[in-house]
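Look for chain A in each of the two complexes below; its partner is chain B in the first and chain C in the second.
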Partner chain A sequence: MKIVRVTAMWCMSCLAMKKVWKQVFAEYSDIEIIDYDFDMDTQAIEQYNIGKILPELIVFKDNIEVKRIVGEKSKTNLFQILEELHETN
Partner chain B sequence: MIYLDYSATTPPDSRVLEAYQIFNQEYFGNPNSNHELGILAKHQIEKASKEIKEILRAENYEVIYTSGATEANNLALKGYALANQDKGKHIITSPYEHSSVTTVLNYLAKNGYEIDVLDTNKQGLVDLNELRNLLRSDTILVSIAMVNSELGIVQDFETIKEILSEHEHVVFHSDMTQAIGKLAIDLKGLDLVTLSAHKIYGLKGIGALLRKTSINLEPVIHGGKSNSFFRGGTPPAPLMNSLAVALRFAYKDFNKKIEHIKGLNEYLRDRLAEIKHCVINYKDGIPQILNVSFLDLAAEHMHHELSKRKIYVSTQTACNSENSFSHTVKRVTNSNERASTSIRISLSHLTKKQEIDEFIDACKEILNENR
Partner chain C sequence: MKRIRNIVWILILGLLISPFFQTVHAEETIDIHFFHSQYCLHCKDMDTFFQSLEEEYDNINIIYYEISDQDNADLLEAVALTFNQKAEVPFVAIGGLSFVGYNTQTTYDIQATIDRYTANHYRTDIVNKVINGETVSIGDFDTLERSVVVLPLIGEVELESLSLLLSAVVLGLVDGFNPCAMWVLIFLITMLINYNDRKRMWIIGFTFLFTSALLYFLIMVSWLQLAVSLTAVLWIRYLIGAFALGFGGYHIYQYFKNRKQDVGCEVTDQTRRQKIIEQIKNIVKKQSLWLALVGVVVLAITVNLIELACSAGLPLLFTQILAYNNLGMGTYLMYIGIYVFFFLIDDLAIFIIAMITMKVTGVSNKYSKWSSVIGGIIMLLIGFLLIFFPNIIMFNF
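Here is the complex of A and B:
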């Protein structure tokens, strides 16, 4: 599984999520995270049509987009989303 | 023109402008020069600093002049974190900070610091139990703005100070840009305080970080021996003096000004009640700020239409990639609809009742046109 993660330096929700991501993604060695900055990587993220709210995580399975996780999520909620995505394997 | 965006910036007080001009003419010497003209300018800066400290009752602080609040926040956060990394790398903040705090904290997070962002309750106040629980031996800094700029939420500083008083190793920084000049403030318990002149009818390009003299910082702008060890560069003496003048007049007739603004705020709420599908997003903020949503119209559209009529308000950009969605409003109201339609109206002692009436009439007209 691959996750494209778009954040911005001015984004408070991105800052708030850092700790949650660290804890949650430590449990999933099979997830590859690719980080993009909303302001710095404008060309690279153009193809993803990023919405109004950051952070935005785009989940890919076999290079096919299967889900977008937008905004702040609790640790429990994020675990739940990732578990569901793994179950559909 | 009807200006209702005083929290974004304020028109300079004519007395500030006059003082700035006179200072430029009479004390143009470089305060770092050792000749008489330089020494004269340096003395004037000392007088300005003395006045700032007297007004804010900040006797045990150094006034470090900066280019504004953004630089002051950078110096407070980066400066303290870098100078004290041997003590720990844990920092706690609130979710309602200005982007100049958020950006610096994201930068520090990228460089190995651990940042905790406090949860908030239904009143928009930071969770004080969580603050108690998060404090630990390697926590070096807590940074919480006293007044949020979008909704005017005033944090419970008395309790925060009480909690932090039990953790003497933790330094307390507050971005008081939206508080100073708008509220009577008490700096007791604060170690680092950010302020800006252009929010209090002063000039753009000058602000300050008040540093309790026991607090060590790493300079962000290194330079030669200057007004402060912590901020290099030739001191912009006329601007520094203008900050003191702005502060002096911001607190002159203060109670009278606040009463006028409170009256306007109540009147504005009464008039807004006439508009269908208009909701107030936060009712307990400072009287200078009222954040409302016109649910029938996207914020940027309302903003644009008002602007066409020479009526100036704000939409907010917080954690969003477009300027129509307010993350802060979403957090407080839990409504995407409100967050997408929110407008900040900010009032001043200069605002007239007639301006409120014209604003309301314009809103009604715009909403009718867009039905």
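Here is the complex of A and C:
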């Protein structure tokens, strides 16, 4: 599973989510995270058609987009989403 | 016919001069019933206080009741019972009010009561009614109106200034939590941290915050000048009230419209944001600290002027509240200073924590959503008060 994570240096929510991401993704060794900055990597993220709210996480399985996780999520909520994605293997 | 005309003339004349009678009536003597005992220390304090009052007021008459005299003791019992108080000394009764015990607050309350009775016609004297055996009705009792509150450590605080202080703190805090210009500070801090030069970071960061505060202060002072000059214009008050209702309503509408929307950073106005980001990068890269400081002052001014529209509601309304309270310029500036300090306090906290930990701590954007709806509710309230109950805005309730 691959996750494209788009954040911004000035985005408070992105900073607030750092701790949650660290704790959650530590539980999943099979997830590859690719980070982009909304302002610095404009060309690279053009293909992903990022919305109006940051942070935005785009989940790919076998290079097919299966889910978008937008904005701040609680740890339990994020765990739940990832569990569901793993179950629909 | 002539007689009717004379009667009408007398009536009109009576109406014209009656207000004068009222002021004459107000000058009548106010009886202060003071039950005391020679063994009671606090009674001596109260006595000293009354002596100072007698120098200040010429319309008070202090009646002493030494309770070692049985009649006075019986009277105290009856009066205390009437006021539903304990029969303890010092016991003071003025008109429809009683004061048991002695402390600084009591002295302020007694003085406020004397002032009130002098200004707005003296109430029924319950002690006299008890002495004369008349029945005391519920309407004879009065409610204490405190104009000064004695707070531990802080000491005496005028209720009016306490309310203004509270408004400055609350409105400043709520106003400060809106995310409008916060993103610039976060980006600036993040860039500063990358350069790893602490002294430079502190200087540039504080310059940005100080300039933002100074600009906000100057804008609010200019709004205040305008507001002070327009307080007498009735339709201006209604207009500002309507603006507050509209702006507050918009904030609340936005909250409920976006309630389902994910909590996060809204990406708007890409070009302007890119321009500011470039501006910050140039500032941080500058070799000369002085050039960097000039850059950050310009940045702070441009950003705060642009973002002003986003958060203009609360500061504008606060200057209205100040203007209606008719204070001295020094006091105005103090309250605006307090407002701006609390407006900036969250930015200061984020900056100082980042400088100490060398890491920007993220605060969830849900708080700024709440602050926006709380700000909206406050604006609705102020708008409503401005239009319907302006005296409450003047804190003389």
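Assume the second predicted complex is superposed on the first by the 89 of 89 C-alpha atoms of A that agree within 3 Å, B and C clash if a C-alpha of one lies under 4 Å from a C-alpha of the other, contacts with A are read in each partner's own complex, and residues count from 1 in each chain.
Keep this in mind: contacts are C-beta pairs under 8 Å (C-beta built on N, C-alpha and C of every residue); 3 or more make two chains touch, one makes a residue touch a chain.
Worth saying up front: this structure is predicted, and the values here are computed from it rather than measured.
Asks: Touch check for A:44: first (chain B), second (chain C), both, or neither?
Replies: neither
Asks: Answer with first, second, both or neither: which of chain B and chain C does A:33 touch in the superposed model?
Replies: neither
Asks: Does the superposition put A:70 against chain B (first), chain C (second), both, or neither?
Replies: In the superposition, A:70 touches chain C alone.
Asks: I'd like to know which partner A:10 touches here: chain B for first, chain C for second, both or neither.
Replies: In the superposition, A:10 contacts both chain B and chain C.
Asks: Applying the document's definition of touch, where does A:52 land relative to chain B and chain C: first, second, both, or neither?
Replies: Both chain B and chain C are touched by A:52.
Asks: Once the two complexes are aligned on chain A, which partner has more residues of chain A within touching range, chain B or chain C?
Replies: When the residues of chain A touched by each partner are counted, C comes out ahead.
Asks: Could you tell me which stretches of chain A are touched by chain B in one complex and by chain C in the other?
Replies: Chain A residues touching both partners: 8-16, 18, 38, 50-54.
Asks: Residue numbers of chain A touching chain B in their complex, please.
Replies: 8-16, 18-19, 38, 50-54
Asks: So in the complex, which bits of chain A are touching chain C?
Replies: Residues of chain A touching chain C: 8-18, 38-39, 50-55, 70-72.
Asks: Across the complex, what residues on chain B touch chain A?
Replies: 93, 95-97, 99, 102-103, 105-107, 109, 114-117, 318-322, 324-325, 327, 340
Asks: Under the definition above, what is the set of chain C residues touching chain A in their complex?
Replies: Of all residues in chain C, those touching chain A are 179, 182-184, 186-187, 190-191, 261-268, 273-274, 277, 360-366, 368.
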